[in-house]
Amino acid sequence: MTPNRALTPSLVFASSLAVFAACLLGSTQMPIDRVLIALFGGGEMGDRIVVWQIRLPRALAAFATGAALGISGAALQGLLRNPLAEPGVLGVSASASLFATFSLYYGLVALSPWVLPIAAMLGALAATTLIALAAIKTRSVVTLILVGVGISAFAGAAMSLLMNLAPTPFTLSDMINWMLGSVANRSFRELGFAAPFILAGGAILLASRRGLSALTLGEEAASGIGLNLRNQRILTVLGAGIATGGSVALAGAIGFVGIVAPHVVRPFVNHDPARSLIPSALLAGLILVLADIGVRILPTVNELKLGVVAALIGAPAFVWIAMGRRAIHD
Amino acid sequence: MRLAIPFLACLAAACSAPVEAPGTQSGQRPMRIVSLDYCADQYVLKLADPEQILAISPGGTGSFSYMREAAKDFPTVRADAESVLVLKPDLIVRSYGGGPNAEAFFEQAGVPVLNVGWTSSIDGEGSSSIPGVIQHMADGLGHSDRGEALIAEFHQRLESVQARSGDKTALYMASGGVTSGPGSLVHEMIEAAGLRNFQEAPGWNPIPLERLTREQPDVTVPAQFSEQGGFTPDYWSASSHPIAHRQIHRGNTVTVPGSWTACGGWFLMDAIEALADSDAS
Amino acid sequence: MTELVAEKLSVHAGQTALVTEADFRVGAGEFVALIGPNGAGKTSLLRASLGLEKASGGLASIDGDNSAELAPMERARRVAYLPQQRPLAWPNTVRDVVALGRFAYGAAPERLGNHDADAVERAMMKCGLENLASRQTDTLSGGELARVHFARALASEAGLLVADEPVAALDPRHQFRIMNIIQQYVAAGGGALVVLHDMSLAARYASRMIWMKDTRIIADGLVEDTLTAERMADVFGVRAKVDGRAVEIEGAA
């Protein structure tokens, strides 16, 4: 398939449409024309507040979270040369959740609201560093994923333990949200704290994406054509960790969407990891916005968690990819 | 062998006989009371003599326990069967403590159980009204007179609140981001205070953020559950959204400590009075 | 016009020696075959001389600059390296893989400058890949893949080519095709250092042979001078008949 030039513009268009559709949903009825007018700054103030302070931030939070996970997933797959790598699977999201909940329930966020996203970022970086070190020691993708499973399990258990011992009371509802993910009631305030991290991480990944193409040839040949392997690892780990940390601070741990989006995108970009970054971000953002719409439309008694929907779509995809992989000269 | 059959028959009869709570027998008060959860603790601490109380639950001294000051003087025991039975109690008081099978289990072990019972209305004749529960507990603990006195005080306070009534609206906000319409004790609390519930949909639902952008209640009632005081909303709940935050800091706010609204106890009257006072201002 | 020099180069893995005090020099217009049994240290010698592996002693330089201190991009512009293992992680198109040869010049498969695009086209032509340009690499045969890798190496326009067993596991026709490509490259002024196991191929195409045994270089010279039956028995433990550049292996010694 020749590289599809229409891919990125179509994804931008589809994402905008999805965000707009998400703004049509809410606890009060608002016809389309009023939503449209309010989005562009006109209409009654009540309408504008509803759209700009309640509906739009939630939709944008879902998109930003998806974009962060999509680009991190695509970059990690390029670095590790494996289509199953992704922040959720590799334990990065769980680790970020652990650090975030620790900072929240042990009162550290009283120092500054920036403590939460920074803590999430540190947790994510701890996990991505571990994964990168493991990747140097072992060629096997199975081993890497097992390391990720171990990190996830440990982070989840530690999180339960710490929350139970925490001085600040927590509710089970909050704990579930951290573990399964949600963008309920997100405002521009939380978005404002998470966005710098998501943008910074994404920027680092984009700046270092050329090296991901070189890694197609394997580490040895990639060094041979001029790649500084150590720097590439550091930048990719840094970028993915920062972006994932930002997304977890915003929406908790959401997995699998970082696998699905790059996988769908790759055939359209000739399987070039570097070219898959931006479309993966857009597609993953689109998926989460649609998932959040689904979460609110489905007539379930309790609102489903976003991460649940993401896992319902993504986990079967994960299994399908894992079983269908032809090891290309592994 | 000939003695075995009558012996076994007596044993069988003894085991199958219903265990009577000491308090229901005339003049006999339970003197070794163990309470299994903090709701039960409230009634035990309020209505029984200190000498009657063997142990209360660890929740009794929590910030959400109305009688936490009094609770400090008493030893605590966790609500598992072994720890409780080894104390040899003669009455166990519980609402949810020990799990759903606790009552049957303890009765089988030969210890009578006094259940607190569910409160679904503030006043009235039924056993699920606050006065009904108070009397039931007082009888079980052997101090019916104290129960009557507490009910009298409750009624008196209720009447004085209902003497002053207005037409303002109030919205209750739990830290989990939900509020209640008709069909809960919270709703009755608001109405008893002479206010109208801003939330009209029945049952517990998410706080109506979108509606709050257009119209606001006269009084906002955030429920406080933390030790340090203040409203501590969950990270993802509607209560943490800026619109809810603005509502709480806007004007007429009456913070209601969780210890007042928990358990449906007589102390709900404190909350009703606080709400009524806000209305008067 | 690039020269690769090793002076008393040694490589150790812990206590074990992989390469012991190797001296050699490969420059423009030379086709040098690196010969030796498995485990002699050939791959380590290549990697250490290029600075891809840490040397425990001695010095390696590319055009006078210390290999270990060269920036990866700079080294890639001077030397094209084809390692023994050539895994391809993704089923890219042939043209994109060849375009990776221009990585050291700042190019990316989707962003090729004019000069880059020219170099890629010429490399593909030299390796006979014009008809395969849009094919995905997971649909290619071993021989075709080998040519793709060589095209990548040629596209980098480096002065020196270092290849580790480039024709292992290829059928005879493809083996000769690859060797011809290297020969053309050398004839145009490049230098080539190639590890080969096939003695007759090495003897036919190389101008010089470097023999390694037990981590040391034991012979370095023209094919006619170094290729003898005694050496074959000594290094490989086989009985061979040698006649000028022709060698026939008869059996184990």
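Some notes on this structure:
Per-chain residue numbering starts at 1, and chain names A, B and C are given in the order in which the chains are listed.
The rule is simple: a contact is a pair of C-beta atoms (placed from the backbone, for glycine too) under 8 Å apart; a residue touches a chain by one contact, two chains touch by 3 or more.
Note that this is a predicted model, so its numbers are computed, not measured.
Fewest steps needed to get from chain B to chain C, stepping only to touching chains, is 2.
Among the other chains, B has the CA centre that is most remote from the centre of chain C.
Here A-B and A-C are compared, and the pair linked by more C-beta contacts is A-C. Of all chains shown, the one whose average CA position lies nearest the global CA mean is A. As a whole-number value, the distance joining the C-alpha centres of chain B and chain C reads 83 Å. In whole angstrom, the spacing between the mean C-alpha positions of chain A and chain C is 43.
Residues of chain A in contact with two or more other chains: none. Residues 50, 52, 71-77, 79-83, 85-93, 96-97, 100-101, 103-104, 108-110, 134, 136-138, 152, 156 of chain C touch chain A in their complex.
Across the interface of their complex, chain B is touched by residues 26-28, 46, 49-50, 53-54, 104, 167-171, 173-174, 177-178, 182, 184-185, 187, 189, 252 of chain A. Those residues of chain B whose C-beta lies close enough to touch chain A in the complex are 175-177, 206, 208-211, 213-214, 225-227, 232, 234-238, 240-243. Residues of chain A that touch chain C in their complex: 2-3, 81-82, 210, 213-218, 220-221, 223-229, 266, 270-275, 326, 328-330.
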